[in-house]
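Structure first, then comments.
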Amino acid sequence: MDLTHSPADEAFRAEARAWLDAHTPPVPLPSLETEEGFAAHRAWEAELAADRWSVVNWPTEYGGRDCGLIRWLLFEEEYHAAGAPGRVGQNGVSLLAPTLFEHGTGEQRARVLPPMATGEVIWAQAWSEPEAGSDLASLRSRAVRTAGGWLLSGQKTWSSRAAFADRAFGLFRSDPDTPGPHQGLTYLMFDLRAQGVTVRPIGRLDGKPAFAELFLDEVFVPDDDVIGEPGQGWRVAMSTAGNERGLTLRSPGRFLASAARLAGLWQARGRPQDSADRVADALIGARAYQLFTYAAAARFLDGASTGPESSLNKVFWSEYDIALHETALDLLGADGEWADTGWSEGYVFALAGPIYAGTNEIQRDIIAERLLGLPKGRR
Amino acid sequence: MDLTHSPADEAFRAEARAWLDAHTPPVPLPSLETEEGFAAHRAWEAELAADRWSVVNWPTEYGGRDCGLIRWLLFEEEYHAAGAPGRVGQNGVSLLAPTLFEHGTGEQRARVLPPMATGEVIWAQAWSEPEAGSDLASLRSRAVRTAGGWLLSGQKTWSSRAAFADRAFGLFRSDPDTPGPHQGLTYLMFDLRAQGVTVRPIGRLDGKPAFAELFLDEVFVPDDDVIGEPGQGWRVAMSTAGNERGLTLRSPGRFLASAARLAGLWQARGRPQDSADRVADALIGARAYQLFTYAAAARFLDGASTGPESSLNKVFWSEYDIALHETALDLLGADGEWADTGWSEGYVFALAGPIYAGTNEIQRDIIAERLLGLPKGRR
Amino acid sequence: MRFLLDAEQQAFAASLDAMLTAAATPAAVRDWSRGAPASGRALWRRVAEAGVFALAIPEAYKGLDPRPVELAVAFVELGRHAVPGPVVETVAAAALLTALDDPGPAERLLPALASGDATATLTLGPYALDADTTDVRLTVSGPTAPARPSEVPGPAAPAPPTELRLAPAPGAPPRPCLDPARRLFAPAPGGELLATGAHVAAASAQALTWARLATAAQALGVGLALLDRTVTHVRQRTQFGVPVGSFQAVKHRLADAKIALEFARPLLFGAALTMTEQDVAAAKVTACEAAYATARTALQLHGAIGYTAEYDLSLWLTKARALRGAWGSPAQCRALVVGGDRRW
Amino acid sequence: MRFLLDAEQQAFAASLDAMLTAAATPAAVRDWSRGAPASGRALWRRVAEAGVFALAIPEAYKGLDPRPVELAVAFVELGRHAVPGPVVETVAAAALLTALDDPGPAERLLPALASGDATATLTLGPYALDADTTDVRLTVSGPTAPARPSEVPGPAAPAPPTELRLAPAPGAPPRPCLDPARRLFAPAPGGELLATGAHVAAASAQALTWARLATAAQALGVGLALLDRTVTHVRQRTQFGVPVGSFQAVKHRLADAKIALEFARPLLFGAALTMTEQDVAAAKVTACEAAYATARTALQLHGAIGYTAEYDLSLWLTKARALRGAWGSPAQCRALVVGGDRRW
């Protein structure tokens, strides 16, 4: 058991830090949830990609450095410590790409991944539907067989990044006559500018269009854009849930950097004693999350799947993130009301944490039933 | 709407205060959960009763002052502010007596209430059974008809005060063949020293025998000691749950006095800033509970029954009481470890709050279903 | 002692509730947020005609004499319906003007506030709410509370005199806020001097107490609306084939919100009866914490729909956060409670 | 970097667990609580023979050299099984003696601590744990940490010299504690002077760090035991015709306990690797808060049976509360974290 990084890993970290020092925009980019900011963040992805920093843990053939999980964690620590911009391509990189690595064809990977790595194509996710939020198995949007492909119809919602993104991926019901709701679903990729697609941006609490509703009316998708076997979409989607995705949804580097900034804010505000405990908890929580992730990475590298342990992780970071930002807003006092600061943007973003990617209520059910072995109730 | 007490009420308060100033033991009595302390507290009840202060809200014929709910609240404020001893007779006074006033016969009241008022007879409750904690309807102890009365058999547990008390009251299954579990129960009083009764004291967390197990083997109880109709015990027991009992289980005066003492402790420890918010919340919570109770008393005097609102009350005071005592122990630092202080005795006592008199889980179900109208789930 | 709203007070609440329910306040809030105050001002006039602002104003200035309990009743309803604009600030301004030694400014300004012909904002701190659309902009500079013996340091520099001014219109647009209906401006310097001296500081302390009482009431109303809307939502919304409201975890969160709000309510009315700084601070922190906790629960139990600006729930969610810090942070209010000499 | 216990460390934990499971520790705890230490001392010897105390002691003094990670592994198991006695204090005493400039006291006292022939207690604060049944009673008087630049006041009086003494047996019986297995005595004054001067203060700071690490580990073990026992209980206990553990409110409380404990664990081992004051303080407060929160949950979900002294759960419940304050309160530990210069 040790916490010492190898000289090679430290050299990698130093290289990343040097690059970030030289390239990180000195002034924060506009919010990536605006049209202007989306474009600026897309350009930043291209800048990262030009020096192979956009997808460091991918194979080199797709634009990565094949650097492994530990170096990815180190890169993330440096990235957030540098205050570098948010990642506009994250939906594709952390949700779609792992699925393609596991279930995609060589042709799909060669076609989809390089422009994802450069930010040339930004992906939105299209999981939820109006009547299927936590209960994903009750999806209704359809994929109907047609010559050379499929016709997609129905409605998706809470599609993050879809207001400005290029393409999207999601599950569609391709066989309505199967016995169980998890069967007969197909995993497909589609173009958000294709004929038959209507994108209605939705403003989140601060009004910024962080997601959209998608109305699909016989949208043609060629067979090449089916991932895995038709009808096996649920299995395809779930199989990557137990891989490193559970680790990489929120990197520890992000929270270490936020906690350090919070401590700086606390210092700058005169170290008020009534906030000292909460600032300490933010510092401690970031460290706990970093070390928890190091341990999970070590287990993963030993061949363990993350499985239900990722529910511990989800509840922890989502509640941690809100508490940290609430503390910051409290420290800011009257200045905490402004909507145009990094802290308030972070607060609004954090509020979504316990809701998306499986509500925390669902996660606690999973922890109780699958980690603690409690009987399944009716919930 | 006002908070001004009438001159007559203020005179009553002043009389109580004067009496308490003159009579309250200058040194705390030994813990009432010990044999020595039980006797000392019983003597204190006699001292109270001698000047008609033991059951101020009862009719004068039974030893009270018929003073009404508001004056009872004022008396309690003065009582706790004076630091007067805990009330060893509370099970009888607040649980059995209201039932006798509503369902007892004149003979029962005349026989039972005066020695209850003087502490000559101390009552224990005998509700729970090993397999019936929160789920009271699944009681199994039996009352079997015999000449002139009933024979009680079975086991009761968590019988508070039973280690040293004289008599007990509870529900027994008198008709095993009824369709529903709430039917066929009879409400009975019995002697803890009767033949066939075995009392096994149980130590609570600090080892003090605050309750006992009762083993009953054909214990004879005369018909005179049935309250209400045989078989109607559930209705009898529940009918007084909606009366002022919901108000009087924990008087606000108790918490006002505790919060003031906590503030004094905080001052004495140098007003540590890291506890200031918790001390403030203790002060505020006591005030909130006092005012909430004043409002409930006004509604009750208007003829409203307390009903499910008493669940709000139960959850509030039980969680409040623990938080207050945790704050005190934290302020005491290393001295918080001692078991023989008022704060630690109060802490151990408070820990039982969320468990007894209907767990807080049950209370929250009641609030959600009966006050907010949410659908009954399987829980 | 009878600590219950009487029939007249209950009827007042019910009439305001009915009026505001019919008035479609969410549309007015959205208009207000984007700087189109016409619908909000129309609503304001109806609120004023119901006598709400007159409850903070002496009869001598065309008010109904200060009646904090009725004012609290009214502000619960304003909060419940998310009425936009400087409602708290107008009450605070009225309290300040009433408490000055010189009746001149009150005679000049209060009748229009009582009638609803004018709105007011008051700056004791760093910002001026709704300064562009408001008729009377009051700014206090210098110490805003009379010095207390314990606070007087030994050989400190003398404080600058406290001044009350009628401030000019703001020179810049508002900076966007997390609650878009709160349009905050940097206070414009200068303007006509209305009063100066120690009585302005004392009057500012009065204004602060009234502002906190009104904010506490508004926050309680916001919390009650959030709870009501969430209960309605979870009864209708199904997941896994059953209403979301049948899950025990959902029930218990809503039960906790109910408990918090129902124990804030008596603190509010108790404070309205005594109007002591300590009672009002206790009501303010408790009502605001209860409302904010309810907002967190409301957001979580609505799920993604609650996270959208277009769904009306957002009007209350963002207000709950803003009120928590307005007119005194939780820590400041708690410090007044533990610092006070008086115990309940 | 590989932040996982290796196979040997896991085997060490498993062997301790098996040994302690077989040893019926609850009976030894109850004996210990009533001042009958024979069964506890027998248990102590087996723990020492497994090498636990030697993990805090240099090879020169018959130890295995200080190995904080393995020590943490062991103390998790001691906590899980509620092993009674001055286990933390013996480690702290060893750390202190090891860190003195003069090797004399270490040579004299440490071999017997490593072998389990002797137990030790150490008083840096107001009490001496288990002072009557312990062989080596160390007491430090005067400042117990080296002065830091920021703490040095200008013209203050010089502090008294720090002294380490071998204290005599206590003159009075222990005062009863909420955790009856903690037998606390007022430290007896006087005794043989073992060392004095600045190096004693520095060594005391070292002892404090080791004591906090061991307490954090013990608390984590206590929390894990409470969670395990409660999960077992709610799977077996039925109410309303179903297992208590099928209620969502019960599940979610246990899920929260699991989360708290699983995030305390990496802090513990991270602190064992770095042994910085800040890392150890973070582990201490987090493990202790997690254990105490789990105790509250365990008590609530057991109901009345959990509230009884005769049910073994009480042994862990009361220990969770006591460890929370031992060797540094939550507020003290948090202050070290925010006060430190180093960020992770």
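Going in written order, the chains are labelled A, B, C and D, and every chain counts its residues from 1.
In the analysis below, a contact is a pair of C-beta atoms (placed from the backbone, for glycine too) under 8 Å apart; a residue touches a chain by one contact, two chains touch by 3 or more.
Not measured: the values here are computed from a predicted model.
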item	value
Distance-maximising chain from chain B - centres being C-alpha averages	A
Length of the line joining the C-alpha centres of chain A and chain D, rounded to whole Å	40
Chain C-chain D separation of Cα centroids, rounded to whole Å	50
Contacts with 2+ other chains: residues of chain C	242, 247-250, 252, 330-331
Junction residues of chain B - those touching two or more other chains	274, 276-277, 361, 364, 377-379
Pairwise touch network: line, ring, star, complete, or other	complete
Chain C-facing residues of chain A, complex	128, 133-135, 157-158, 202-207, 211, 272, 274-275, 329-330, 333-340, 344, 347-348, 351-352, 354-356, 359-361, 364, 378-379
Complex contact set, residues of chain D against chain C	247-249, 252
In the complex with chain D, residue positions of chain A that touch it	1-6, 9, 70, 256, 259-260, 263, 266, 271, 276-277, 279-281, 283-292, 294-295, 297-299, 302, 312, 315-316, 361, 363-365, 367-369, 371-377, 379
Touch list for chain D against partner chain A, complex	1-6, 9, 69, 227, 231, 234-235, 242-243, 245-248, 250-252, 254-256, 258-259, 262-267, 269-270, 273-274, 279, 282, 285-286, 330-331, 334-335, 337-338, 343-344
Chain B-facing residues of chain A, complex	273-274, 276-277, 377-378
